[in-house]
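One chain, chain A, links the two complexes that follow: it is found with chain B in the first and with chain C in the second.
On to the complex of A and B.
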């Protein structure tokens, strides 16, 4: 394995939450979330709208106060973040709201003032050139995609140790989304950099994330490596000759679906022996594994189920 | 020699597996030969816009099955064994995958004769493609 990559994957947590909880009125939005993210990770934060991702991110950045539990970033409690710690964090949110009356060059000077000694002029200029943008252009005359590019350049230029992006590519075209992914890969190649980002475009997440977290109804339902998730969720289709078996109880069973002569089971983290035993017990002869992509797995996993928490092992690789 | 790896996200095959498969077939087609230097993990990760840990995982699998070797301070190379003789672990992995395919074939109701025919047709097709590539 590459030495540098090993070195960045140390044991320090860049993001840590302990039973982090938040309510909007009586609605439990974030439910005792325990999230731990190591340095060197690109963490893909997944969940349907309203699952609690943005609320978690806002508490991490100290914009909202937890109603129970706690959270910290870069070893500092989120409620006590000093300007010095904030300088080491980059934050990008959807929509990329920038001061519309400014030119790109003015915005650069404005932003740079917050990062004394950290701002990389050359990197900022290179990114603008790559995006074919000029410092003389006014923000209000830019397209949504160009505003996103400016926002990315402004966020990457101070070399943030921790980059947090809340659905940064919402509504952007495939070319600009790819530039965001490239920016993430470039940043993570630097020693000790860490990225947490949320997105609904799972094919993007699959490319760049090595860990994922899945939120559903405020609960962190999965927190594992990408490969553990990809390998762990499997769907099998059985041809049934007699009747459909009733009250199926298998280890790791997520849910079942059937019609008259076909039964489908979705299982988490089970080997071939479970399937063989099941087939033997019910006299089933034919089956096939249904190939699932990440999106299929996400949908299967976040569907309503009686078993709320099947994926939760720490540091599994 | 330039190594072309093309990653498709959003398909059932995990990305590390796509890298392993494509390097394997590049060797089988003769596009990569023993002693050829592999790109560094970080370089390949940047080129194909994939997490470096995913590339590292693919390299670890390739190294374990004797297809590539890492020489300290020098880099990663296509192993002699990848071309000249077959690594027993790699052979075992292939046999296991073949067994799985045979089981799936039987489950689909294919006869032994039908499966042999399919295997022969695929091999012939593979050799034909191989020849065509060398003529280009």
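On to the complex of A and C.
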């Protein structure tokens, strides 16, 4: 065991950031992000375009330097990732940028040279067969989806301890996305793997992630288990008889919407007692909980119309 | 081993253009030299001094090789440092189990080897051709031509620095070109020793600058 591997022993966090901050000129892209990901976690990193996901990932891999704060991966400072530590991290680049002039077989040989003793030929061949790709195909002749598949096979073949994927399903059609995710699930089934993947596609995240982080305008606004997020955001519809109450001020209120006889409130992490008190105070008799899927919850949580009171458990779970 | 893989990869990527450049340099260079050899007797008949004219002819060949070298240097700098930024392949390349300095070093080594193969070999052959036909080809002519090829390599380094640099001030970005221009100015009317020394010194300066810029560079 080399020194770098020893350095991670006893460190339960595979990825750790402390007040990670980055500016693009005057624009604050990543705002004091504190992210901690434990070994064995499948972490879905959510956020809209420009939320700061890719910048965070690039700082984690040492491609960008934080302007404040620090980050470490596998116990090693991101700015000083040694070749030995890099060997333990699989990275799927945004847009699957591979060398277009190469054939798949050439790319395999190139990639394999950097993982002596770790490369799994059988796994790579199996993945190519599964995706119906041939080693003789040139990268430049592949579609986006096929490049994504090659990218995934190249990343998974050396059995990395940590897999970081930057929007891996971006631009892929539904069928290819499903294949890609199945490939990923195959990997997940192997014990002890940690995966961090960013995505816009909520159904993908819901399918595979057990933890999620939600970035909005550079801020990590939620960092919790998937179930905590699903249970945390709720929408209620109230039937109003005597006019819409003005200046509603409830703890955890995200949004309000209303018409003449109906009021909808989206609340974060609030129990029934808050609703009951609200109804009692405003003489409301009927209400119902509106079912939200993850996409609805994500949009409610990240849209900019009104800054909500933050999760009481934000950054803690 | 990993470094060798990186160098091989860089060389393989640029092999076809390099071979084309070599073919052009060798083909046209040989044609120019041979036409000079064939017309050697004609100058004598016209009452011109064949030695002087043939010497001028070799300057032409050298000038042609220099043009090819400049073109190849610009091509390599664009291919190795500007296109990866445009194609966004830096992150794939940099996430290797080697240090990023080894990656940079592999690019420079590959370019140097390709320059030697593509331009150094044809120039050596052309000088040998001149010598074997008893043209006034001297060791100085050969070294002079090699220095021209060296200048082209400096241009490659300068362009690489400009591509890698994140400096906003134009002057900072253009520093390598300033060094290059000063070296080129030195080239006129000084001894071969000074030229070779200045080439070596400027190569060292530019390589150090390139490594420094590369260490500060962010790959967004």
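Here is the rule we go by: the second predicted complex is superposed on the first by the 295 of 317 C-alpha atoms of A that agree within 3 Å, B and C clash if a C-alpha of one lies under 4 Å from a C-alpha of the other, contacts with A are read in each partner's own complex, and residues count from 1 in each chain.
To be clear about the criterion, a contact is a pair of C-beta atoms (placed from the backbone, for glycine too) under 8 Å apart; a residue touches a chain by one contact, two chains touch by 3 or more.
A quick note: this is a predicted structure, and the numbers were derived from the prediction, not measured.
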| item | value |
| --- | --- |
| Clash or fit (per the criteria above) of chain B with chain C on chain A | fit |
| Chain A residues touched - chain C or chain B, whichever exceeds | B |
| Centroid geometry (CA): angle chain B/chain A/chain C, rounded to a multiple of 10 degrees | 150 |
| First, second, both or neither for A:84, with chain B first and chain C second | second |
| Which superposed partner A:61 touches (first chain B, second chain C, both, neither) | second |
| Contacts of A:288 with chain B and chain C, given as first, second, both or neither | first |
| Which of chain B and chain C A:125 touches, first, second, both or neither | neither |
| Chain B versus chain C as contact partner of A:93, first or second or both or neither | second |
| Partner chain(s) touched by A:206 [first = chain B, second = chain C, both, neither] | first |
| First (chain B), second (chain C), both or neither touched by A:264 | neither |
| Gap in Å between nearest CA atoms once chain C and chain B share a frame through chain A | 27 |
| Chain B-facing residues of chain A, complex | 1-2, 4-5, 9, 42, 178, 181-182, 185-186, 188-189, 202-204, 206-210, 226-227, 230-231, 285-288, 291-296 |
| Interfacial residue positions of chain B with respect to chain A in the complex | 7, 9-12, 14-16, 40-42, 45-46, 49-54, 56-57, 59-60, 104, 107-109 |
| Interfacial residue positions of chain C with respect to chain A in the complex | 1-2, 5, 9, 13, 87-92, 94-99, 218-220 |
| Touch list for chain A against partner chain C, complex | 55, 58, 61, 63-65, 83-84, 86-87, 89, 91, 93-95, 97-101, 110, 113-116 |
